[in-house]
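There are two complexes below, and they share subunit A, which is joined by subunit B in the first and by subunit C in the second.
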Partner chain A sequence: MTSWLISLAVLLLLSLGGALWRVWRGPEPADRMIAAQLIGTGGVGIVLLLAAATDWSMIDVALVLALLAAVAAVAFAKAQSADSVGDPEEE
Partner chain B sequence: MADVVTYFMTALGLGFYLAGTVAVIRFPDTYSRLHALTKADNVGLGFLIVGIAFQADSWMVVARLALVWGLALMAAGITAQLIARTALQRQSP
Partner chain C sequence: MMALAETGFDLVLCAMIATTALLAIGVRDQFGAVVLFVVYSVFLGLGWLRLGALDIALAEVALGAGLTGLLLFGAHARLPASVPVPSGRAVWPAACAAGGSGLALGWAFLTLPEPVGLQEAVAANLGTSGVENPVTAVLLNFRSWDTLIESIVLLAALIGVWSVARDDAWGGQPGLRQHARHGGVLANFGRLLPPIGFMIGVYLFWAGSSKPGGAFQAGTVLAAVALVVFMGGAMRPPLVTARWLRLVCVAGPAVFLAVGLTGAASGVFLGLRPDLAKPLILAIEAVLTFSIAASLALSVIGPPEDPEDHV
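Coming up: the complex of A and B.
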């Protein structure tokens, strides 16, 4: 069972390589952020698989990673907005 | 029995993850990629978590797994809105 979980985690890691390609190529900054979110969610998946394979206390690591991915998107939205206040409703 | 469910669910979750990654690479424009990312990844994460939950040895672990998935779902919804608005402001399609 642990070998199955760890091999899944490795496969997930390879799929993140595809996301890295999008980070490199992405024409728009938003595309790069999409790839960053993909890496964040994929990372959560990998950490959960390793948590199941080895030690359950790694679930907190996945929780923090999911949180940081969300905060990164908020930071991106704030940085991209005109006066960096980041209020999406403003014109 | 629990192992069989875990094998099947985690494989399904990985399938959705791969679909999400291929979608982010192949889709034509920003918004379709954003749509694919938010949907595919969270379904993949959900199946993964259900698969792993069968391996849990106590209910506390299952509760924490559900918490991670809930946070990921909420974060993905809000994140997709933010990124889409940011992309829209920069170049209206």
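Coming up: the complex of A and C.
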């Protein structure tokens, strides 16, 4: 069972390689950011698989990662607004 | 089979970490470099997990992927769209110097004697520390000196950030005036996320006494929550001259120092009596969490910049 969980984690990690390629290539900032969010979400999944396979107290890391990935999205939206302290929806 | 799967995971992860680091350095796009740095922190956090260092993994994803990401996004938004890339001439000597020091470090690491480590000494004395998490025991009891100095370093950093404020803007609210479309996604997100984040931050502080977590991780999460509140336009940051704000920033190191001096009166500076250690550590951590959160959030949001913000 444990080796299955770790193997799934490997698969998930490999799939993030595709997202990493998109972060690198872009070309638009939004492409890079959404790919980074995908890596954040995939990272949460990997942490949960590792937690199930080895040590359940790891799920706290998944919790913090999920929260702060959302915060990064807020910062990205801010950075995309005209004066960098506004909201892209205002325009 | 288990060992094979684990080795495979570690190898793929190492490759991802190294690739992300190379891409972050090599990418020509400024925003791309920032995003790759955030991604790098996520992979590095996984690496710390695989090494069994859960406290460091928490700090890595909270500080690296979270707060430093926020700081770099803000910095990117303020820089000119294109920064000239240095031409090829200086690149090779720099690459040689960096590669040489990397090789020297690797050689030094491989020739080091096998470390004995302090795990056994910590485990033997964990009973007198007042907490069950060995990392918290080291950070707030056995080696609390380092933690005390770190908390003061944060204050010094904040003073440094504030000291670059322009004279006519000083006394106002820190940072530029944040705004968001009323009822828009950003404004709603800024109201939805903070209660969840606040709960996670308080949980991390409380968890720190028995499992991974603690004042620094909790403080970082709370700082991120405060920044989301400000960025979503739900609340303006307090005036930099507000007395309560300064008290919050100073309270953590002050309580820490006071407990340390009480220990000095009974023999050892920063020494904690075993029967009082748990409540003392919790008291220090509780106050320190809010001081760290306030200092970090104010350092990220920057000095006051708007001369019209005076009240």
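Note that the second predicted complex is superposed on the first by the 89 of 91 C-alpha atoms of A that agree within 3 Å, B and C clash if a C-alpha of one lies under 4 Å from a C-alpha of the other, contacts with A are read in each partner's own complex, and residues count from 1 in each chain.
The criterion applied here is as follows: a residue touches a chain if its C-beta (ideal position, glycine included) is under 8 Å from a C-beta of that chain, and two chains touch if they have at least 3 such contacts.
Please read these numbers as outputs of a predicted model, since none were measured by experiment.
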Three-chain arrangement built on subunit A, subunit B and subunit C clash or fit: fit
Subunit B versus subunit C as contact partner of A:Ser15, first or second or both or neither: first
Touching partner for A:Ile6 - first (subunit B), second (subunit C), both, neither: second
Touched partner set for A:Ala69, first subunit B, second subunit C, both or neither: both
Which of subunit B and subunit C A:Ala30 touches, first, second, both or neither: first
First (subunit B), second (subunit C), both or neither touched by A:Ala77: both
Partner chain in contact with A:Gly43 - subunit B first, subunit C second, else both or neither: second
Touching partner for A:Met58 - first (subunit B), second (subunit C), both, neither: second
Subunit C versus subunit B - closest C-alpha approach in the superposed model, Å: 6
Common ground on subunit A, meaning residues reached by subunit C in one complex and by subunit B in the other: 16, 29, 33, 35, 60, 63, 67, 69-70, 73-74, 76-77, 88
Subunit B residues within the subunit A interface of the complex: 3, 6-7, 10-11, 13-14, 17-18, 20-22, 24-25, 30, 33-34, 37, 41-42, 44-45, 48-49, 52, 55-57, 61, 64-65, 67-68, 71-72, 75-76, 78-79, 81-87, 89-91
Complex interface listing, subunit C residues touching subunit A: 1-2, 4-6, 8-9, 12-13, 16, 19-20, 23, 27, 29, 31-32, 35-36, 38-39, 42-43, 45-46, 49-50, 52, 54, 57-58, 61-62, 65-67, 69-70, 73-74, 76-78, 175-181, 184-187, 189-190, 193, 196-197, 200, 204, 207, 211-213, 217, 221, 224, 227-228, 231-233
Residues of subunit A touching subunit B in the complex: 1, 4-5, 8, 11-12, 15-16, 18-19, 21-22, 28-31, 33-35, 37-38, 41-42, 44-45, 48-49, 51-52, 56, 59-60, 62-63, 66-67, 69-70, 73-74, 76-77, 80-82, 88
Subunit A residues touching subunit C - in the complex, by the definition given at the top: 2-3, 6-7, 9-10, 13-14, 16-17, 20, 23-24, 26, 29, 32-33, 35-36, 39-40, 43, 46-47, 50, 55, 57-58, 60-61, 63-65, 67-79, 83-90
